[in-house]
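For reference, chains read A, B, C and D in written order, and residue numbers begin at 1 within each chain.
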Amino acid sequence: MDPTSWLLLCRTVRFGDTDAAGVLHFHQLLRWCHEAYEESLERFGLEATTIFPSPTATPAIALPIVHCQATYRAPLVVGDPLAIRLEPRRLDPGGFEIRYHLQRGGGGTSPAVAEALTRHLAIETASRRRCGLPEPIQRWLEASAVGQGIQPL
Amino acid sequence: MDPTSWLLLCRTVRFGDTDAAGVLHFHQLLRWCHEAYEESLERFGLEATTIFPSPTATPAIALPIVHCQATYRAPLVVGDPLAIRLEPRRLDPGGFEIRYHLQRGGGGTSPAVAEALTRHLAIETASRRRCGLPEPIQRWLEASAVGQGIQPL
Amino acid sequence: MDPTSWLLLCRTVRFGDTDAAGVLHFHQLLRWCHEAYEESLERFGLEATTIFPSPTATPAIALPIVHCQATYRAPLVVGDPLAIRLEPRRLDPGGFEIRYHLQRGGGGTSPAVAEALTRHLAIETASRRRCGLPEPIQRWLEASAVGQGIQPL
Amino acid sequence: MDPTSWLLLCRTVRFGDTDAAGVLHFHQLLRWCHEAYEESLERFGLEATTIFPSPTATPAIALPIVHCQATYRAPLVVGDPLAIRLEPRRLDPGGFEIRYHLQRGGGGTSPAVAEALTRHLAIETASRRRCGLPEPIQRWLEASAVGQGIQPL
């Protein structure tokens, strides 16, 4: 399976994402990033309820975000089509980060309009103590690394 | 205790609540209403974690919203100060609704800018079966009714 | 063109749409509905910036929402795939409404999990006075009516 | 006027801010920060519509966010009272940043639960070219610096 198939996602700027300045309201970008991460796991073949809690299933390991950041390079307006390229990377046995590269249009040579990053830590849901990454996330990280060249620990 | 003290809440329209038309983006109003409901319970003296779930405490009874609606009478712009008056009402032993009346400025004789409604049903968290309202919510409903005149069941 | 192609849209419940009760937080549904309406116009062939304002183009006619409502029939959890069927209807020369029917899975005979409605009024952007619907919206309403049988004014 | 009066703001975690893990959903923190920034300007005496656009008034200078980040140190649950301390700082004649320090409870010696940062650039609204900070923002930055000791350019 080609890694780009689950690491390159599309989305369109919607009216509710904008503010009275007419452009994207900044923090909505981080919502898009998390949704792109969820879509990536889904396309890779992981069921959402095995990673994220729901009333009937609480995974033993949670992956809270401990840091996020975003940089905005160009104004985005309603209807703008975006390509979001994910670059996941294991940081240590109990953590990983995802870099998000946003381009207008279909990606390729279009100019970068924004970048973002989320950093995730594995903790046991019950004790909230740090632990190793869950096995499905490890598989997703390893398979994603294939398409990105060397992934130093 | 004067019922108005927990049934009349204030909030200001923020930049992130608006969209590119320059005015309130419609569904943000329903977020405000839920936050006003939570603030009302808090002012009445109920701790949030006795009503809403958190990782360390899941109340035996949940109160999901089964219906909501909102009517918009005037455009709202960034910085507009609003008064939100809550009118809670028990519907039957296992349900209640809250009407929200929004006025610009301090309330009183200012024109109505919006109305909204949320309808809540009591269910046992474990079984998701209908049940009676939790006792603290009953007290809040009864005390709120005092300031509103007759509250037919 | 088959009307169903722009009136039946898909979306997945994302983690950020849920609250600590583990299920969809109510007002996120209305965000989905507006996004489905925008996607429907886009698939029909209308460019977003001809309907919604952006810094470089303010359409002469705005379509603010004057009323919305939603009814919730079943809890929705992270990862749930949804089909959203839109039923737009002209109300009078200057207004229309959209009914949204949400089903789990691919639609068809799956049980209804929620319904919603948004009601829109045409106003001149400059004067905020009521006016007739913009021509592209009229075309979308008429073409949508074809697949829905009789559409009484 | 004591700078702390407009640089120390309060807020409570609301149910809609949480996700199915029972704790704050990460990007909501950045919404709080922007709302705290707006509240700070308001308390300092600046009217929202002189800084942020609205249908009847577009300020000549816009202040888009070009970078943001957040670090999460502890889980936050519904009902948690927070103190948000703002530390604004001019970066150069055309830009400033705000650091946000979040503590549980009333602040003081309570443990830090999160930090965040937003970086803002002044641009002429019409041309989107960089320009100097608007005068009211300069006054707010200077007055805020008084309570924070030396503010190197």
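Keep this in mind: a residue touches a chain if its C-beta (ideal position, glycine included) is under 8 Å from a C-beta of that chain, and two chains touch if they have at least 3 such contacts.
Everything numeric here is computed off the predicted structure, so don't read it as measured data.
Using CA-based centroids throughout, the chain positioned farthest away from chain A is B.
A count of C-beta contacts for the chain pairs C-D and B-C puts B-C on top.
If you average the Cα atoms of chain C and of chain D, the two centres end up 34 Å apart. Averaging C-alpha coordinates per chain places the centre of chain B 25 Å away from that of chain C. Across the assembly, chain D contributes 15-16, 18, 20-23, 27, 31, 34, 52-55, 75, 77-78 as residues in contact with two or more other chains. Residues 20-23, 26-27, 30-31, 34, 52-55, 62, 64-72, 75, 118, 128 of chain B are the ones touching chain C in the complex. Of all residues in chain A, those touching chain C in their complex are 12, 14-16, 18, 21-23, 31, 34-35, 38-39, 42, 47-49, 52-56, 75, 77-79. Within the complex formed with chain A, the residues of chain B that make contact are 15-16, 18-23, 25, 27, 77-78.
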